[in-house]
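Chain nomenclature is as follows: A, B and C, assigned in order of appearance, with residue numbering initiated at 1 for each chain independently.
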Amino acid sequence: MQTTGAKATSFRRKDLLGLAELSREEIQAILDTAVSFKEISTRSIKKVPTLRGKTVITLFYEPSTRTRTSFEIAAKRLSADTVNLAIAASSAVKGETLIDTAKNLEAMRPDIIIIRHSFSGAPHLLAQRLHCSVVNAGDGLHEHPTQGLLDLLTVWEAKGRLHDLKVAIVGDIAHSRVARSNIHGFRTMGSQVIVAGPQTMLPPYLPDLGVEVSYSLPEAVRGADVIMMLRLQLERQGQMFFPTLREYSRFFGLNQGHLALARPEALVMHPGPLNRGVEIAPEVADGLQSVILQQVTNGVAVRMAVLYLLSGGEQSGAAA
Amino acid sequence: MQTTGAKATSFRRKDLLGLAELSREEIQAILDTAVSFKEISTRSIKKVPTLRGKTVITLFYEPSTRTRTSFEIAAKRLSADTVNLAIAASSAVKGETLIDTAKNLEAMRPDIIIIRHSFSGAPHLLAQRLHCSVVNAGDGLHEHPTQGLLDLLTVWEAKGRLHDLKVAIVGDIAHSRVARSNIHGFRTMGSQVIVAGPQTMLPPYLPDLGVEVSYSLPEAVRGADVIMMLRLQLERQGQMFFPTLREYSRFFGLNQGHLALARPEALVMHPGPLNRGVEIAPEVADGLQSVILQQVTNGVAVRMAVLYLLSGGEQSGAAA
Amino acid sequence: MQTTGAKATSFRRKDLLGLAELSREEIQAILDTAVSFKEISTRSIKKVPTLRGKTVITLFYEPSTRTRTSFEIAAKRLSADTVNLAIAASSAVKGETLIDTAKNLEAMRPDIIIIRHSFSGAPHLLAQRLHCSVVNAGDGLHEHPTQGLLDLLTVWEAKGRLHDLKVAIVGDIAHSRVARSNIHGFRTMGSQVIVAGPQTMLPPYLPDLGVEVSYSLPEAVRGADVIMMLRLQLERQGQMFFPTLREYSRFFGLNQGHLALARPEALVMHPGPLNRGVEIAPEVADGLQSVILQQVTNGVAVRMAVLYLLSGGEQSGAAA
């Protein structure tokens, strides 16, 4: 793969809050590190002592299984100790502020707190107030940076570059932190992004992000190197962003026919969990162009890289 | 204890799904390995590096504390990394298929997935689709193979053999995966099984399994070497499989008097949790013939053996 | 800090159930050990192999994040394996007795069970019946001994002694296991305790504990070396122990003005979580005299010490 020639010391932040604030060199440094970590998960003994004696707390205010599991596996393969806190919305209401909860956890001397929260900006608030590292595992409608990074890694592996690609992102852009992180990531790396979805699901600020906007799935995927379908959040359906599931699926569900419009070896991506037959046809999700499961595998590698770099690790020699 | 002379290489499967498909040699190989692992839990340092760097995921779609805890302790004593996923029925409904969830987890490169699911056959479905090992921790009304194995180990330790015993299993046979795994296990090892319960709780296929059927507890336990009482699932009571708790207890609750009908040193077993005073009198549960807590201790040993053998371990030298 | 000259072998118990039964020498032995462990959490590699191969189970019948997390981090920094069991009140009702659950867990050969339960005395019941060590992590209205110990450690560090201090504890004394453990702890170490709260929140037995009683916050804090504010359990408000939140706050909320009544460098303490603006003004909670976050840090150290000493560790050389 062609690198941007980023130096070993390119990523030197205390926190990972979003891709919007990362430079091309910083993103490349994380991806380079992730590549070197990816091999560990293929070993018989999938563990290196790199973060032995470090304490990593996952603090999830929204239910999650896959993201929490991915972070937990990443931390354990680096030999860190992990502690999981799942805080139900109900008990969070019980009086203590988010800052107090976080200050409290910090007083137990963790090295990294990984937070998911329904309020956009919650991780930033913690990052300002805490001395330990903070990783954003998804905040409201804002960002989900490790998802963006794993998507970049997946495309980089398959295409050999991250610049001069056409990336189509399709679905409920307005409510997707995955879309936002990917828009920032692909734009920073030098690729073109076009989004498509029903008008009610496209936020007004897209042109400011340098993103092309379309209301047509076929138009968006035409000539694309990457097609990223977003999960339709069925639980929002009551809010009437589209008339019926059937209509959504008909206009914004990816099927085999659409692939012919894209570049010959265009990648099909999805952050999961899949609504098969809604935003993506089963034969496309399971087809030869789908890299959906590689995304998941890369999620562990990218999270290992992020935990490692935030702990002060050098980019080179990561998987020693 | 008398062994069947099974060779070290008798258990060579990718998955443990049920006892129905295991040969006598395979069962014996697991039990032999479990015996050698049992000693580890009596040490001051209860841990061997055998599975260091392996990732074990528990994926429980039904609530469980004791089985999950037993597997988790077993994995940790072998130095494996464990990740727990408890998926509430409610969130499982959220769209993603079981296969997609499992494929997703597999993409994170675990070595073993331990699954409990309310649908019979769910672990088999995963085993077919996944490259990693799958362990059935209870599937619907079908099997609970590690429970069957721990029961076999407990009887083997106490009686010195697993053949030519009379084993009485009493209670709600129709809804018991514990009963099914034990029926397969004891039949395969050469023992006789008789089941007893109210007619509404006895499934029609029992004779096909080579099992004798009775509607009378005293008749079933007469001359028995092993009396295994099943937990009455009180939460099913609304379904009216019996008129009242009192009547159930009177006809199918084991008391001290019944023990006189069995063999002099007959074992009293129960998979837990106990309904004291319903299916078993407290003085019997706590009596000299009860091996209920030994069952629990053996559960950890059997699960260590299963995790070890599925990871490609040799039977000999297990506890090195 | 001035010690009482306790010997290395002063703490030789199987269980930690409450501070009421501990001698001055025993408390001092735990605090001395905690001091030596505290340094570990400041290292880059926050882990010692002291309890490698030990199994620690947290068995929580009441929801908790911070106490469970503190114990879990403490155990992991000593290299113990931890298994968390959170048992919802609903599922505990499902038939099995507490003793049966505990006996069951004991059969899996844990070294230490840490229990939180809404019934006062539950940990004592287990301690009598189990061979493994039992730690009380809060039982009903009775005791929360590790909280008491971390408070003692915090005061000892700041004041250099634990005798001849005036300690004011303010709030809902009647429903506070934190207050009871602190009363026992500070009395045993040779300090004076005065409690204050509305009459409905003061239990009748206080004089028997050698505690002075007041109905006035200003009176209680006058000349105090330590002011410990209790969390107002807002969920009890329906029970009408006081007319309104505003009135409670006005009469029993600590503000900056009250600090002038206390000794010049009086410590402000709170077990958390804080109700800012109810029992404590934000500027006091965050002020220079507040040691609230030190309490949390010391919680990990004290719990490390307790786990270590219960496992048979010697007081000296703890952090080798």
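Just so it is clear, a contact is a pair of C-beta atoms (placed from the backbone, for glycine too) under 8 Å apart; a residue touches a chain by one contact, two chains touch by 3 or more.
If you're wondering where the values come from, they're calculated on a predicted model, not measured in any experiment.
Novice: Which category does the touching pattern between chains fall into here: line, ring, star, complete, or other?
Specialist: complete
Novice: Fit subunit B onto subunit C over the CA trace and report the rotation angle, somewhere between 0 and 180 degrees, nearest 5.
Specialist: 120
Novice: Cα centroid separation between subunit A and subunit B, in whole Å?
Specialist: Chain centroid spacing, subunit A to subunit B, equals 40 Å.
Novice: Do you know which subunit B residues sit against two or more other chains?
Specialist: Counting only residues that touch two or more other chains, subunit B contributes none.
Novice: Quick check on the complex: what are the subunit B residues that touch subunit C?
Specialist: Interface residues on subunit B, with respect to subunit C: 41-47, 63, 65-66, 69-70, 72-73, 76-77, 234-235, 272-276, 278, 293-297, 299-300.
Novice: Which positions of subunit C touch subunit B when the two form their complex?
Specialist: So the residues of subunit C in touch with subunit B come to 52-55, 57, 81, 83, 85, 87, 91, 94-97, 100-101, 103-111.
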